[in-house]
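Next up: the structures, one after another.
After this come two complexes, each holding chain A, first together with chain B and then together with chain C.
Moving on to the complex of A and B:
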């Protein structure tokens, strides 16, 4: 390669690099922008040229009972996963950061393990297991537990990282001023780690809303989550209604990203 | 400092018996509904097949021997690994410049660019794969564009084959190589590159001799992540792979859901996982040599 001796060539390389990087950013964003664009297009087909602005595909979406049911079901499952993990994930993170002595690394490993293995394997494992312990997939309990397991590490990791950055002497000051364990937690620890909890919860919600493999294998008959409904719909249809569903899910994700960015900053995310 | 003196005292006060309950619910969840279920994949793969129930009475190794003697399954396994390796290499080639750029960027657009990297990760897999169907189908956006500029006369076959799966998976998993690399590159002290430059090395040489070796841990973490994710991906190959792009995950789900052959499907899943472990292990040994010289 040509060296740094010549100033002109350096700027050419710099420009080439900028163009390359810009192209990759476009590659990352293009499919998402495309889906949103086509969901507002009045034309019948998922193709260019755009024919004009229209909300007809969103109307089609909102008049479709299957999609509405699926959206509500997805929200229900994601909200339950988030609430359960907010409690048990935060408790576990505090235990590991503050109290664990023996087997601390092993506990940490098992707490993050669902992130380290492919989701499809976890889904298969739970499918067999629920059959063996006679829970089966007749009720929503199977799919719900699957979602809780897979999203657990997101809350655990984000709270752990908040605890790690939090100056412990504040807790000790509260203790030495006579505050009890619960009082110290509620007045000192909890406010300090709140951003980590919020980030972890938003993350868990978004991930649970998007999870596919777990839902595919563990769903009970007759109830589809939104990704499953979209997947089924696309087997037989290929029209902008699908783009409208996809758009809604994209808006939700970006709302979560903006909230995280405004409250704690995206760079503090852990996953 | 008083905090340091106070620490052991507080530690002593909170006896361990009173705090263990905090971790119990999480442990029950992850042992009861994560660790134990993984054991049932193994037991399931050893069960006899049965036509009347999910599995028969006895135990057998037949599902493994049948699968390993089947050229069709070897073909799918090979294709899965090839797709995984291609996606990993392309993701690294595309992800490295982005991570490098983000790590060096001081512009006020940096956080927007960071959102660009992060958002594909958080948008659902079905949605992203659907977007690629719009782009890659026979009268999709890519073929439209290529025909409009006159590069081709007839639509190219861009999906229902390994090519489509590879393109879409690269997009889907690219952030997973960028983010670990970004963390790694940001942790490298800029003084090192500056020292190399001031000693007369060119920018290229500085990159090859200083920055690249120091970013090996990030490369290793990112590539392993992308490889494991792409060989185990289900949604993307199922939606736009067709029969020409069918991978192991798609085959396993077909065994489990469509054919109701749970023991045989379990054996296939374990073969897939074992192959992944072997490849990651080999890769770790290879990259360990490159990393041994690191501080």
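Moving on to the complex of A and C:
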């Protein structure tokens, strides 16, 4: 009986724990809130105290050609990574779930390696490799491949978990009803794993938009992603334009989370 | 006419021999159950028929057509899964429509057939619901409807009632059987519940460890089991060991047992001196208190020429179950016999009883 009642009563430890969790969240969220506040500050410097509300730094951001180009470049790379991974990440997940037999665990490990290996190591390895095959950093294909590699596991893992939770007898039911392999995939399997694909793609997009190391090492001359441009900018300027860029990234991330929640529901996210 | 012929199929997984020379002829419109303990190969057999597994050797014929190498979608089957396997993102109507769309049935026709089959499973008005908005029993009926709406030549069911509670299961047994008879569809039903197989089937295939122990009607299997394992698996049974003393005509025998000589029925051709077990079902034995019957303890078992056997014993256990109560009686030979008695004259533990049963109610099993 004690077990049953302790679930209802709040002990002092439960309360302490709540306070602790709240403190951790405040600690983590505080810088984000600061950055957003500063981006709307009318003062000249990226510093307190706040002077007044203004959108001038967003204006500055959007009238700066370098930032605009960088934003478009980042979006282009993130979108390409997302689309490519939507296809190969899904196919890889299906292969591992359905057809890999003996080596399944090893293949799964290799597929998730970009998530486990420090990004900088992946970047260095790719850099060596690109020089070896004489692409070097002359083309934007290098940085694009880097982004695809690093964001691949997000689609792979999300689709894998969707497949894992999928009752395969549904496919057999479709076959028994006369549907061929493709029809079964399109009308039964794909709708079932769609939430996993959407979630994985949104993650891939946001991560690709954000990553730094890969871009720094693999970028071709004269083209910067937004994080790189921001880094360059901050070396010589310290005005709230940087905060405006950061705010923009944060808004995008929140937008992605909102889309996931609205379309597939955050509850369905499991790794 | 045989609608479905399973002809000596074998299936191995690695070096495990899962199906050993399974042959089953199934007539048009028959309801055949595959019955056996867990792991005996029932599902594997069904999946071979469906085309989800391919037997290593042997053939499967639908009518005259050899489908051994055909893909599941080419076989014209309807299948009901234990997990129902409804498509969760489709409504009931869309679930039923799927098979018809695949078959390129015209939309108007589709509507009519879906309405018909929904009426048949008593789910009118549920067409716009999603599977998650239905109870287990309703999902079950949708699964059945989805398999039937395409009017397949064979209906395959793999333990469709295993996830339902006991009351609903009883109801669905009769529902499925009734529906099957009205539609007249050849059906193969996998179960490990012998009561289910008994009440639903035209024929039962009793399987054990990848082989067929017996194939026959529920009555044949219950009254004339082919082996001790079948007798033990289907219903309750008592056995008394003995030796054939004499053959009497076609299927009558006199068997010498430690309790005396017993008249029994058995398969033709048992030779004199063969070791046998006499099987008697608990409901075929009547009891009388020894004092009332006036019989002497240890008297000869068979009453000469009457075909009636009388054995003496003492009650060692009595279980009250309401309608049919159960007695455990220990015979002079030490064998324990379970007897069904009606509740009105209960016998006490320790009381001496006379057990009476007819030779035609026994069956001899080779030991």
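Annotations
The working rule: the second predicted complex is superposed on the first by the 244 of 271 C-alpha atoms of A that agree within 3 Å, B and C clash if a C-alpha of one lies under 4 Å from a C-alpha of the other, contacts with A are read in each partner's own complex, and residues count from 1 in each chain.
Operating definition for what follows: contacts are C-beta pairs under 8 Å (C-beta built on N, C-alpha and C of every residue); 3 or more make two chains touch, one makes a residue touch a chain.
Worth saying up front: this structure is predicted, and the values here are computed from it rather than measured.
By the touch criterion defined above, A:192 lies against chain C but remains apart from chain B after alignment on the C-alpha atoms of chain A.
In the superposed model, A:176 lies in contact with both chain B and chain C.
In the superposition on chain A, A:143 contacts neither chain B nor chain C.
Contacts of A:78 after superposition: neither chain B nor chain C is touched.
Using the contact criterion defined above for the overlaid structures, shared-chain residue A:238 touches chain B, although it does not reach chain C. Residues 169, 172-173, 175-176 of chain A are contacted both by chain B in one complex and by chain C in the other. Against chain A, in their complex, chain C makes its touches with residues 50-52, 71-73, 75-79, 81, 83, 85-89, 98-99, 102-103, 146-147, 150, 156. Residues 1-3, 6-7, 10, 14, 16, 19-20, 22-23, 25-27, 29-31, 33-38, 40-41, 44, 54, 94, 97-98, 101, 111, 113-120, 122-128, 130-135, 137, 139-141, 144, 171, 174-175, 197, 202-205, 228-229, 232-235, 239, 249, 252-253, 256-257, 262, 265-266, 269, 273 of chain B touch chain A in their complex.
Within the complex, the chain A residues that touch chain B are 1-5, 10, 13, 17, 20-21, 24-25, 27-29, 31-32, 34-35, 38, 46-48, 87-89, 91-92, 94-96, 98-101, 107, 110-111, 113-114, 117-122, 124-129, 131-132, 145-146, 148-149, 152, 156, 168-169, 171-173, 175-176, 181, 206-207, 209-210, 212-213, 216-217, 227, 230-231, 234, 238, 242-243, 246, 249-250, 253-254, 256-257, 261, 266-267, 269.
Against chain C, in their complex, chain A makes its touches with residues 167, 169-170, 172-180, 183, 187-188, 191-192.
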